[in-house]
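Pasting a structure below so you can have a look.
As written, the chain order gives the labels A, B, C and D, with residue 1 at the start of each chain.
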């Protein structure tokens, strides 16, 4: 593998591919990594499309077979951006080949897959990370710092939602994210995974049991001709939606806290409404992604007359990740979280540290999602009024 | 009973007594009721205290025995403001005596009590209402109007919380609200009842089953010397907290919607954080009590480029209840909701209409709370991760 | 005059009369005044209307001649709610008769009138107060406390607006508030007076000079048939608008701060948008009336990483005026500010203290308004681009 | 000059240089420009520093003499990022050499300089643009669209502020931005220029005259050892602050609207608080940079019962500039505005269109700033209270 440079090979190139490319292109220009990061190869099944993507996004070469990417000596990092159904195969092969692997979330479509991936990661010489990018929002990274410093004390409540509204229209087509074989689950894995991880990240605690509900509001949708990003050509025929449109669950944490979680694509008016609130005995924290540069902090040790939620603009140079960017109040956006993620991953490789969130952390998230699914299927979870 | 006037007798005189007195004093001065409302008698067990309260709040007389109040011919309306444990006895006696009865929420401490109260109300000649005052917030009354007009279409989600933080301190004493025998339950009945009713009111739908969690974070607290309103003198001895500090549940509605509900007294930084959001296929609504003059409305039928949540100041003269008050933007407060409640109750009496929410509506709420308690006790409700 | 009771006579009974009546009815029931307050007489020119108002609002009697009210021995307090053009005559007569006088704002229509009123107040045995009710918003009273405690340090900036939108429609009729002879000025005196006083109140500093603009956007409007509150019957004929629709000015304060002020009835979407921000070297404060239970406080002495504007719910029992009302988070509204105002005025009478804001304070406001008008008329105030 | 590629030479490399580099690196990867953009040379006086900057930011070469950059045949675009004192000399030389020139704001330090620059731009064959990047915030670009579509009707009010707080500490050193010779003015040119341009951009109207105030709150500051970005090493000696700390002015627009403007570095708690509100007869718009993905729109033609400010997330694919980026609700940040700016400039070059804002637009801004300074110096602008 490369000496003072790290070669990156990215598998997959749709929405996630675009933002990953942006972050790989940016990370070494903004942060001091101690190594060059080279965008060596992008990989996709459609040769014409992937060649165009390479030119567009600035990759040095294109491949159509991910195995060929893994086989290349000049590739140190494999970045897995494909749908969940292929995560295990690609990631395990890459780990076994000694590569460092960063894998999009959710880690896998099933617990069994995730277990094999975590085992492979454990055994591998390369580093591995699951790409829960919201951990790299400066405000959430700062929230974690505050919890670690003991500023919240005993935690009572976690309240997390991830609300979107892009498939309310029954004529929205049956894209891959609505098909269980490819996506594993619907809102649960796509959105719920993020907030389960965010809760784990911010509080430092894990969920021990859940009561869950899954709901599919629209059962059938127009079949897709061809898919591009989140849009797709519709056909007249209809197919069955095999994933959840919405997932809700109550959770008990190992630190004694209770939590409510909700992930949905049917919250009209909510675009990327990821939000989390944590209530502790000494402080509370609140975060909403659409205002991602703000962390709301209530200090409960202050005299009640002066207390209240404070809007902290997490844009000071000593806030996490901000040192590479702009002056206070000059806000960051969604793509910056990926740049931060790659910064951390590369620095962990360079400094031989274990990246977080690990594949084991990703496995934990998968187990929570699985428990929600099992709970939702059980009749006993519901008590009649 | 009175001819062109209605005589009111109020049983109980602590926090709720103060705000009820304010509303009885105000209602006929602001709204045209077609009848005079006379504050004839206030009733409490401590003669000295209730006499002082009568003078303070403007009641014409004071009694120490609620039966004596019911026996009085000049009393048309019995307003029950006592803790839940005495609701049934007083309300049923009053109904049986032919009085109109407005009863504080929750209707009762148990389903059995509530059933007997609803039966008595059904059989009685007088009118009855359970005092879910949040129905009388203009913004929530307007929300109901929008749902009734079909502006939301099919409803997918209800998301309701009632967050307070006044008993986080372990030295906060064991007031009656923390004792099951008096209060029936804790956050569940005190706060959860409000949001269960608000969901029923706004959506026009009822919950069919739930999965619930109850949690008591602080098990023991200093015993109380003497209680006044929400404050109390502490003693050195400690007693057991026998109610929930927090209640959380998932709910399925009879219209196919799913809901999350959370009521707690341990959300540090949240003072009276009652909030509800409803997501429909054509619109969404959002309300937070601490900004009670605002209703946030997202119209999903608008072009996405122009769409978003709109902050409607519910202070226009054609908004519910506002005609009696001030010009646009001249905001109302908590006590106005009681004035509106009594306005509706008196007008229903005068015009011989069935008040809402009825004791049957209150019984429904009680059944939901009971299902949450039963669910929380069942082990089967939880699925291990 | 009355012994252990104070008799109130109110002159005027439209919008301000309704809210004043509500406050007189409420003040002694909520606050301990040490004296009874009796609503003895309401006065208006139209006998039928004033008699109806007396019955509606709970006044013991009605008069059509304000001189008769002042002549009554059982009247201790004269509450002047008429348009500005009659303030001087009524208030000075009442003061000369030994009454206590509370007078609606602005104190007068001209500086000369205000000077005579302030002189009369100075010479009188009775107490006097000008009714800038926003001083009695708990959040603004708390803001004043913070400034007095030195929490802001040196003050650099005041930024105040009062934005409404009720006369944008050119067909809105020529009500008395748009006629110079009755109202004195337009947005300047009606709205601008409030923010000039609020700046004086919160900062404890006064304006020494200004640069101003006045603007009348709609020159002619339909003449009025009959006026009621803010509504009016229109006639086909049109008359000239003789007051400003909007008033803007820059101000220099005697403490070295600079300020911007804007009052308008043409800010579409703004209903009662009174807002003030003060930036000091150690802290900043921000207030918006439509969210009147909140004060936003930035503490600049805190580490930048944790700093930001904090939303203080000014509803704690130790916040100004709140002790008489409800628990934390149970918000107050517009009318409560009048109840607080009368509480302070009555307590000042009972305890022989000088009420604030005094007629001298009102005269200062009048002088600022006058300077704005003089500035707006001067060509020299404008520099061409 | 290059055929299917455009070579860029950037003069200056501090804060603005970093963000410009990021944008030049990104623009062709996100937007279809029809041409390659090559980062050919970065120029600064310190050879070691500029060589490091070239490597860090990804420029192909470094120069220490800007004349050498202009002399290079492979450079098509000169990007001027230096302090205002050198804008004229560099930009005019580049224009005379046939280069396209994009120049940081404010265009110049004096009207005379700006006039010569605008004349040179007028005479030149190359394109020119002044870099008011806030025009490229999608929300403000969308605001301009709404005004152009006639959605606001007649405009009454503009209300613009740009509030920062980074020099409140008297020990903050005398950096170049506080020295008239280098910066031209203080908050006025640095911040005020942005809001003058934003008002021009959004409303399509220009200011005809002003009344202004300038204020320097801290007269002397520690002299600087060496400056880097916004930070600097202090020395024990002190020097005179020769620019304004705060600038405020009233403005009359050629469309009859009135405006208030305020720019300051002394608004404690405000980090990058650029905000503008426009009130029209049919709609109002409100924007705050720290929430730059939101535009608040009030539609005054809607029934008052349903009206209010609507929070439009300007992240839909058909909003300005968003098509190149992420799905709805996946917010953009400060640096994206520069990428948008360069996209527009390159597309204007490729398509032979006149870029906006032109140097003439920049000259207009300079004239407004100059009028504010002249007004502030005149005694006649102030009317005593």
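As a convention for this text, a contact is a pair of C-beta atoms (placed from the backbone, for glycine too) under 8 Å apart; a residue touches a chain by one contact, two chains touch by 3 or more.
Computed from a predicted structure; not experimentally measured.
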(request) Kindly list the shared contact partners of chain C and chain D, in label order. (result) A, B
(request) Compute the centre of every chain as the mean of its C-alpha atoms, then state which one is farthest from the centre of chain B. (result) D
(request) Starting from the mean Cα coordinates of chain B and chain C, work out the distance between those two points in Å. (result) 35
(message) Can you compute the centre-to-centre distance for chain B and chain D, using the mean CA position of each chain? Integer Å is fine.
(response) 54
(request) Give me the residues of chain C that touch two or more other chains. (result) 270, 307-309, 313, 328
(message) Touching residues of chain B toward chain C in the complex: what are they?
(response) 15, 19, 21-22, 25-26, 29-30, 56-58, 164, 166, 229-230, 270-273, 289-293, 313, 315, 325-336
(message) If we count contacts the way the header does, which residues on chain C are in touch with chain D in the complex?
(response) 156-157, 159, 161, 163, 165, 168, 206-213, 215, 217, 246, 248-250, 252, 256, 258, 260, 262, 264, 266-270, 279-284, 298, 300, 307-309, 364, 367-368, 371-372, 374-375, 378, 380-385
(request) Within their complex, state which residues of chain C touch chain A. (result) 142, 294, 297, 304-313, 316, 318-319, 328
